[in-house]
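We call the chains A, B, C and D, going by the order they appear; numbering starts again at 1 in every chain.
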Amino acid sequence: MLASRSWLSRPLHERSTRLFLGALIAALAVVTLLNLALPAGHPLHVSTYTVTLLGKYLCYALLAVAVDLVWGYLGILSLGHGAFFALGGYAMGMYLMRQIGDRGVYGHPVLPDFMVFLDWQSLPWYWHGFDMAWFAFLMVLLAPGLLALVFGFLAFRSRVTGVYLSIITQALTFALMLAFFRNEMGFGGNNGLTDFKELLGVDLTTDATRLGLFLATGVALALGYVLCRAIVASKLGRVCVATRDAEARTRFLGYRVERFQLFVFVVSAMLAGVAGALYVPQVGIINPGEFSPIFSIEIVLWVALGGRGTLYGAVIGALIVNYAKTVFTGVMPDAWLFALGGLFVLVTVLLPKGIAGLLGYRRPRRPPDSSTTPREAST
Amino acid sequence: MNVLKSLADRDRVFDFLVPVESPVDVRHGPILYLEDVTVSFDGFRAIERLNLTIDDGELRCIIGPNGAGKTTMMDIITGKTRPDAGRVWFGSRHDLLTMNEPEIASLGIGRKFQKPTTFEALTVFENLELAMAADKRILPTLTARTTGEVRSRIEEVMTTIGLVELRHRPAGILSHGQKQWLEIGMLLMQRPRLLLVDEPVAGMTEQEMERTAELLTGLAGQQSVVVVEHDMGFVRSIARTVTVLHQGSVLAEGRMDQVSLDPRVVEVYLGAEADEEVA
Amino acid sequence: MRMIRSLVQGLLCLVVVALAAPAAVAAPDDDGQALLEALDTRSYADKGEAIEALVASGDERTRRWLDALLDGKLQRHQDTGRFVVVLENRGRQWPVADALSGERLGEMSRRELDRIGINNALRGQLHSTLAVLDLRVDDVRARREAARELLGNVEAAMLAPLQQRVADEADGEVRRLLEQAIAIHRLGQGDAAAVEGLAGSLNPEARAALRAAARSDDVALAEAASGALAGIEQKLKLNRGVETLYFGLSLGSVLVLAAIGLAITFGVMGVINMAHGELMMLGAYTAWGMQQLLPGQPGLALILSIPAGFLVAALAGIAIERSVIQFLKGRPLETLLATFGVSLILQQLVRTLISPLNRSVVSPEWMSGSLMINEGLSLTLNRLFVLGFALLVFAGLMLVMRRTRLGLEVRAVTQSRAMARAMGIRATRVDILTFALGSGVAGLAGVALSQLTNVGPNLGQNYIIDSFMVVVFGGVGNLWGTLVAGLSLGVINQVLEPWAGAVLAKILVLVFIILFIQKRPRGLFPQKGRAAEG
Amino acid sequence: MIPIPTVHPTRWLAASLIGLGLSSPAIAQEDPIKVGILHSLSGTMAISESTLKDTLLMLIERQNAEGGLLGRQIEPVVVDPASDWPLFAEKARELLAQEEVDVIFGNWTSVSRKSVLPVVEELNGLLFYPVQYEGEESSENVFYTGAAPNQQAIPAVDYLMNEVGAERWVLAGTDYVYPRTTNKILEAYLKAHGVADEDIMVNYTPFGHSDWQNIVSDIKRFGSQGKKTAVVSTINGDANVPFYRELGNQGIDAADIPVVAFSVGEQELSGIDTAPLVGHLAAWNYFMSVDTDANYDFIDSWIEYTGDEMAVTNDPMEAHYLGFTMWKEAVRKAGTTDVDAVKDAIIGVSVPNLSGGHAAMMPNHHITKPVLIGEIQDNGQFSIVWETPSTVAGDAWSDYLPGSRDLISDWRAPLECGNYNVVEGRCGGGASEDVATAE
């Protein structure tokens, strides 16, 4: 698509995007430098542990961007984005499992360990192909994408909106969680997939790989961000905002609203999938917990906290909350929930526009405060 | 691989939904044709056996007391509400009852709401840009560029509705009157064959009303215009033919002076109208 | 078994036992000591015999000893070798009484006491022994219980005395049971005639006996038995249906209880209260607290905790409304986020202040066990109560909404806040009251749940999602919708469960909800009004 | 509070990095021995795990009171993985990489252990795992002080078969790996003892399942077939309360259909109204009611530590007690806390366990334990009705599973392998490089 180059490159001319990318790249560079150049024990040395941690944050950041795309610009509050994240993660996890080959504890050439000791005889059909990287990576996009396509097609066609939409997205992820918990499903049940060995033939445990994954995530975040910016800065993005604020009006202008919603929803789901895929090799496990509705709500909280409808706000929110979680669970293990809960309450009450609202810099068009009108309120 | 492709140009997935862009056929008579249309909301008959024809290029005013079914009629024409019975034709080719809002809109029927609805978060310019007649499928919209000719068209309309200097202000901050204008502007951008205008001058100053009147009368001719209005003064100033709705069906139709003499009309409407003016 | 002989002898002299006063003073040269000595052995077989001996002895303290033995409260002091009955066996220091004389001996450390242990086999033996004893008491209920206890536990040697009992027995029910008990025994002996006596009985013991007989090699017997079984199975089919329906309704009633409060705060005020579950948790903990305050009277405590639970939760609700929600007027989304924070805080609060562990809430006598409809079908009481309670709460809410000034104002505010204001309704006050009401109801739900499931910090988490499903499925802001939705989802779930399994059933229900919302994007009973807009 | 950025992301990110850097105190040489405690203090598992944290704090406190270890004080490092499995891995990494602890005591659920496993192996840490589990694992860096299936499930079934005379079996469990595996083993074991398929009913329920009406009535029906029926319950944590309540209310008492549970201990019972449960069974390697002085002392110090007269002890607590004591001994033996030294030293270490007899660390990193069967009393305690004549050694690889029948584990030289395949005569694990390169 020749035309696409122009719309894709559009955000690169925006000040906000340049600032964001600059910041991100700088951060990546600094971390890499501090990790490689400085000797361990040096006060400023960034340990591999920290690098992996940051890698995880960046995955969450990408996920948050995906959510902000549908919530902030389309007005669709998805309480089920964790499902897309997890599906992407499982696709990657299945690939990594197949990579273990016969190095599992039972040394079975094909079957993953959990299948061996629940004595499955052969590989279930949906596990085939995941030994090929390209297929697995394709699935990382397709699995969440198709789910979003089907679900969104039904929901938007019958014009399910507002809280009803939110709740059925929640039902979706909840149902998937229960399904993946079932051992009959062949996804390792509650234990999920773990004990990964290597990715694309590279040992996962080496510091180099970890740094690589971290950087890869950073790049993915940058690309994802640019893509989302490109979408929201395009005329299509304006149609989204139009839909969010006056759906009927948009219809009378001749836009097939449900299809725009579907398109953006699917794109967002795929981004979430990518985030999940990058998340799994870094934390070393994927299990149905990622499907839990509470997690999906947490994602929304990151976005709200960072400031919805700004994309970079989502990133900030994800980073802050998860950093806070890491610190609190270590520093005040018995009381960290107070701190986190308090944080949520205070920010929502005191900063309706989130942290982005605090930042001096604003996009030329102020973030819509239409969230205060009753109609938009219940979305 | 072809899965990838289908993802790449998703808008083709729904080819069957893409409207047939065929010109409205008005060689045999009216552009809009309602016959025996009836609709009721849980028991209450909003529209009852309504018959109405609008000729190509006509400017028609529709008046009637509150609850006469004016807005419901517009909902039916634009596909927002489905009637229980009756036929609604656009030209002699398009049965509107088989289409949804976007399809009807893309046929060239533009509508202005009673309560002005613009996209508050978007600027005046963007509002108009969205409204402009263009390929409104997904990828074209995604890759759309605002070309010079698009700009000039928008400029042109902005001057007509007098919002040039506000072009980069979000619609949210416009005054009520300005919003009305912006919405009319959006209609113009659609280049519709038929405009449905619901109470265009509510909350407008005298001269604003005059300009609106000029605008609408100016439009008539190349486009057909249906105006629903309470303000009798305004109606008199633009009306050629007037249709009086009462309890969901046509009470009287004809030139303003005739209609206003019709005793039934005086009773059900003008009487009420008098009260309103008192209130 | 050898015990039988002694049992018979025992039966003969039981008249004395029944009449004898419980606590007699130990005679100087007490043979009781010896009898008990015999019990203190490692081998359970010997213990069995010791028990027979005990019964045979006809000692009037037998009943007391056997009861103590049954509860594991008959113990022996390590040093003195003295037998004691432990009165209260919680903690480290136990109050005890002398087993022989019955005199109080103050407290002893559990460290210096040895329990006379029993196992299930002995427990069974004891049960039937005591049952035989009980056949003589005056209370008809006790006799029926005793007779029921004997079903399937009859031994050959007991036949004669039992038939004697049947003859003397005044109460028809007891007689019927005893006859069945005898028939079951006969069937066990391979007596085909006994099948008649059991035909049509829904009693599980009887069925078990018939099944066993149907497997026997004696063709005639087997056929007769399986014939009788076929008839019984027929009757049981209906039972199954009723049972499933009941299961469904009771599950549904739980859902309704959990959701109904939400239906108010969420449906009426448009507040998406993620802390709703934690308010339920508070209610449940109130029930626990009450029982701590009133030890020994679980029933009273439970009843008192109904108003208390409502109050506590309502106050908590008001606190939340004032401190958080009032600042989020018309931004329900933000309420979702803020109240989620609140829920985290409340959970951790309970963990730190009370304990991360579950708390045990005792169910009072009148709520445990089940209500027997017929021999094959009985409805568990605690769920029966919860079902009734749910309906009461619902009715109560309906009254409040329809008949009271508050209800009127609430509905007005729902329809149009501005208009209501204009008409002089103090919307803020209405908000506070509404939220308090919704929260209070959550508290009530919590009290009820304390009788069904864990009382712990996670209680809320387990119900919040389901509650939202129910409310949305029923149609936001419509109480009837919530009721119908809750009950129907419950029934659907329980109907699916037997063939789909618990997990799959739940998944199917969720999928059903998703698809249903496609068909009716506004739920079962769509309603106009602020919260319904979307 | 965490820094809320009023500046641009870059600066904030930098700030956060420094924050992370500082969140790990600089490590000097002669500082206290660090013991990491990795138990959930919030979330669903807090119910079970938080007491284990306190147990360790108590043990460490007692040890320090006795002058610490190797003349150094012991410093506990507590973190909260919040019942979030990936977080377990992250926290384990934090403990080992940032805090540089010498040993970790922690985990309850299998999934959390599985999630931590790669981390401990990668960073060569020490993990003591105190909970009965499904077996099928033996890691160089993990010591399993809880029961393996052959130390709990099989003896329990033996008891029911021989002492109670059960002929029909309900295997009810929560749907996760521990019950799945245990039930697989039991099924194989039962069939090996001539139990027919139709006499075995297997049922799985989700975590925290709260509506047991249908299942219990199924069990009732299954039990009314004229054969003695027993239920083997691997139902986990929260789901037990409603399960037992339903049992009681539907009138299933232990005399008719005894239920033997593998996950119900004194602590779970303390949250249940035990009246209807009297006589139901549990199989553990330790009961609070065990009548030994060692146990009474342990209980006393626990009650003193918690200040709660009613505080209860349970099997995983004893497991931690054993693990901690063994580690202590091993450190003394090795004269250092160095992981490799301790790993070698600890094999063969034997310490008296609270329920009598000695617990010895086997070469497969499992320990020897007595198996006790107890009946639930109305006071939430168990009365021990049966116990194995001697202690049983934990078996990492079950003999009743086709996949693992041929595997053994021995971490001593020369074998040094957790899953040695005696038939193929090779170490089948990911550890062996030759296989890796053969790929």
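Just so it is clear, a contact is a pair of C-beta atoms (placed from the backbone, for glycine too) under 8 Å apart; a residue touches a chain by one contact, two chains touch by 3 or more.
Predicted model only: the values in this text are computed from it and were never measured.
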item: Chain closest to the middle, measuring from C-alpha centroids that were averaged per chain; value: A
item: More contacts between chains, A-B or C-D; value: C-D
item: Distance from chain D to chain A - Cα centre to Cα centre, in angstrom; value: 34
item: Interchain centroid distance [CA atoms averaged], chain A/chain C, Å; value: 44
item: Residues of chain C engaged with two or more neighbouring chains; value: 347-348, 461, 503, 506
item: Residues of chain D whose C-beta touches two or more other chains; value: 41-42, 175, 204, 206
item: Multi-chain contact residues (two or more partners), chain A; value: 178, 181-182, 334, 337, 343
item: Interfacial residue positions of chain B with respect to chain A in the complex; value: 3-4, 7-8, 10-11, 14, 17, 78, 80, 100-102, 105-106, 110-111, 113, 117-123, 126, 129-131, 133, 136-139, 141-146, 170, 172, 186, 190
item: Of all residues in chain D, those that touch chain C in their complex; value: 41-44, 46-47, 50-51, 163-164, 175, 203-206, 208-211, 213-215, 217-218, 220, 224-227, 238, 241-242, 245-246, 248-251, 254-255, 258, 267-268, 270-276, 278-279, 291, 296, 299-300, 303, 309-310, 375, 377-381, 383-386
item: Contact set on chain C toward chain A in their complex; value: 270, 272, 274, 324, 327-328, 330-334, 336-338, 340-345, 347-349, 352, 461, 465, 468-469, 472, 476, 503-504, 506-507, 510-511, 513-515, 517-519, 521-523, 530-531, 533-534
item: Chain B-touching residues of chain A, taken from the complex the two chains share; value: 1, 3-4, 6-7, 138, 142, 145, 231, 234-236, 238-239, 241-242, 244-246, 248-257, 259-260, 262-263, 266, 365-366, 368, 370
item: Footprint of chain D on chain A - complex, ascending; value: 19-20, 22-24, 26-27, 30-31, 34, 41, 43-50, 52-54, 56, 100-108, 114, 116-119, 178, 181-183, 189-192, 194-197, 205, 283-285, 287, 289, 312, 315-316, 319-320, 323-324, 326-327, 329-331, 333-334, 336-337, 339, 343, 355, 358-359, 361
